[in-house]
Amino acid sequence: MIPDEEFIQSKDVPGPTKEEIRCLVMCKAVISSEDTVVDVGCGSGGLTLEAACRARKVIALDKNPEAINLTRENLEKHGYHENVLLREGDALNILEDLESFQVLLVGGSSGDLSSIVTKGWSKLAPNGRIVVTSILMETRVEAVDVLKKLGTEPDVVEATIAKGKITPRGTLMMGRNPITIVSAVKGN
Amino acid sequence: MIPDEEFIQSKDVPGPTKEEIRCLVMCKAVISSEDTVVDVGCGSGGLTLEAACRARKVIALDKNPEAINLTRENLEKHGYHENVLLREGDALNILEDLESFQVLLVGGSSGDLSSIVTKGWSKLAPNGRIVVTSILMETRVEAVDVLKKLGTEPDVVEATIAKGKITPRGTLMMGRNPITIVSAVKGN
Amino acid sequence: MIPDEEFIQSKDVPGPTKEEIRCLVMCKAVISSEDTVVDVGCGSGGLTLEAACRARKVIALDKNPEAINLTRENLEKHGYHENVLLREGDALNILEDLESFQVLLVGGSSGDLSSIVTKGWSKLAPNGRIVVTSILMETRVEAVDVLKKLGTEPDVVEATIAKGKITPRGTLMMGRNPITIVSAVKGN
Amino acid sequence: MIPDEEFIQSKDVPGPTKEEIRCLVMCKAVISSEDTVVDVGCGSGGLTLEAACRARKVIALDKNPEAINLTRENLEKHGYHENVLLREGDALNILEDLESFQVLLVGGSSGDLSSIVTKGWSKLAPNGRIVVTSILMETRVEAVDVLKKLGTEPDVVEATIAKGKITPRGTLMMGRNPITIVSAVKGN
């Protein structure tokens, strides 16, 4: 995993997803070097970069042009831009255009999660994976609901990570926001 | 419980202990209106104020004069100063001087936890309670070890609290540092 | 707080709510000796008993007759039955009949949480408190939603508690299910 | 990751480490196909199997013969036994014999963690990684202490995972024991 501090960050763009959560998302996504991955809401590029070093191709999209720029900067910094296509725009519109792919990562959805997941699911290749990361209580539930409606039983993991900070007095446990990862595998 | 935001805070003094943790500490301390409570490392007065409205008398001590001042300000703001004695100085020295008491709260100990707990335990009245709050991995273990050596089996609770922040997009779960509360009841 | 192991338990009835969660619920409920408390879904009586030793009167209801019996047994075991009225039946029907009260605890709702909270809110006295405890992801969101619709901004606490088990090898941290406590105070 | 339920389990052997924790351990271990991995306290083979499909060679050891047998069964079930050497015996003795390796996983240590980590560290190749998984409060601290003494600043992650169980009533969040992962990278 790329260490958190090696990402260029910006006040105006969320992310990058922290190392331990990126790790769990990658586990659930099971990306192989044959796969095309779509990263919806690429933000700072946290997940885009991890996908880029595992997949054949990554399509990273965000409606915020600053997120697209920041993801580009991070890709360049780490030398991963060749297999990544960046697209600025709304998730639903862009998904509409795409051919089928193996993995859909959803890190942002601004109130439209059900439509994005439904549209994405329809484009998933057989045995494709969808992984939704959420920090909002409501998004978790929406992700579970829509996946159940699509006929699958999602895997739900809430991960609460604390990092130890080594200080002269001892190891201070620093809490992080709990993140929920909802994922599912499409049948074949 | 006093809401977190009603405490005067200072950059130079830790605390106040967050509402939910104060609540758990108070549960473990089982303070009655007959009790004398000693608060070692009163910091911002988070626990001192909660003890003050339950106990007959509170002795709050801190080696940092700014903590003593801040605790005084918070006591005055909430009108609780009559039954609280503030003492600036090192825990071990002050405990040495004290008569027996019913409850010992330890929120700070700077490397000297075993001695503080041992000294405090010797001054605890029959059925007295000791409650150690810790954010350091090492302190938890030291608290458990010294209490086991004193012949008791401590209660150990690690509390990881996330607070929901209501936003227009949904309820953002904000993580807090995990806190460990180690407590024990003295026999009679 | 009453220790967990001092409750009579039954395979067929959920609860009792664990000590640390009962403690947090009591903090949010701020029960005084003048208050009438309604406990919706009393289960094993975990919250009923805690309310009984703080309130003037408790009305504990459950649609499951075995829960009513178990709560009665636990009340008797701990000697608290005088100020507790047990009522078997559906929450919504029973709430309909009641006069106004100061505190509503909701520990069970079987799919009808919004109606129960809305009905309960309408019966809450000025400055009354409502506290919903939930183990289901969906219930948390429903509780937040309905309270927002009722014009209040709920307090949301997710509590993940681990208890240390003292063993010869060391202190084993035993995880518990994360519980979310959604609460609100009615204006006056 | 291999799903938890695909491991053969035994009442007499701990493990397998749960999927999400195996995932985090693998992230910290950064195993490449050139690496030799030593798994101290292989238990049910949870980490052994994950290492086996990433590394050139795995040496899995346990002092409990039943753990060795169970790990062998799990390796056979999943078809990974060719690059795994199983050794029954005490960690310290076996480590003594080994040539240098790239990754040391420590999942069990029965009171001897400092010696095992110190011995293992001395055998780590340049840029080698050590990853200690612990469920005991004391082990975490011991792992941090010994790694600090060896001149490195360990990475400390406490992971509290809850899994959602989809039920007709909703998504029940099931807590797991918090696990702490202490890791370090040797300089070159």
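Letters are used for the chains, namely A, B, C and D, taken in the order the chains are written, and counting of residues starts over at 1 for each.
Here, a residue touches a chain if its C-beta (ideal position, glycine included) is under 8 Å from a C-beta of that chain, and two chains touch if they have at least 3 such contacts.
Chain-to-protein mapping (UniProt): A, B, C, D = Probable cobalt-precorrin-6B C(15)-methyltransferase (decarboxylating).
Just so we're clear, the structure is a prediction, and the values are computed from it rather than from any experiment.
Between A-B and A-D, more C-beta contact pairs are found at A-D. For this pair, chain A with chain B, the centres built from the Cα atoms lie 41 Å apart.
With each centre defined as the average position of its C-alpha atoms, the distance from chain B to chain D rounds to 37 Å. Each chain gets a centre from the mean of its Cα atoms; for chain A and chain D, those two points are 27 Å apart. Contacts with at least two other chains are made by residues 137-138, 141, 144, 156, 158, 160, 162, 164, 171, 173, 178 of chain D.
Taken pairwise by the contact criterion, the protein chains are fully connected, each one touching every other. Of all the residues in chain A, the ones that touch chain D in their complex are 1, 19-20, 23-24, 27, 141, 144, 148, 153-164, 166, 171, 173, 182. Those residues of chain A that touch chain C in the complex are listed here as 137-138, 140-141, 144, 156, 158, 160, 178. The touching residues of chain D, counted against chain C in their complex, run 110-111, 135-139, 160, 162, 164, 169-178.
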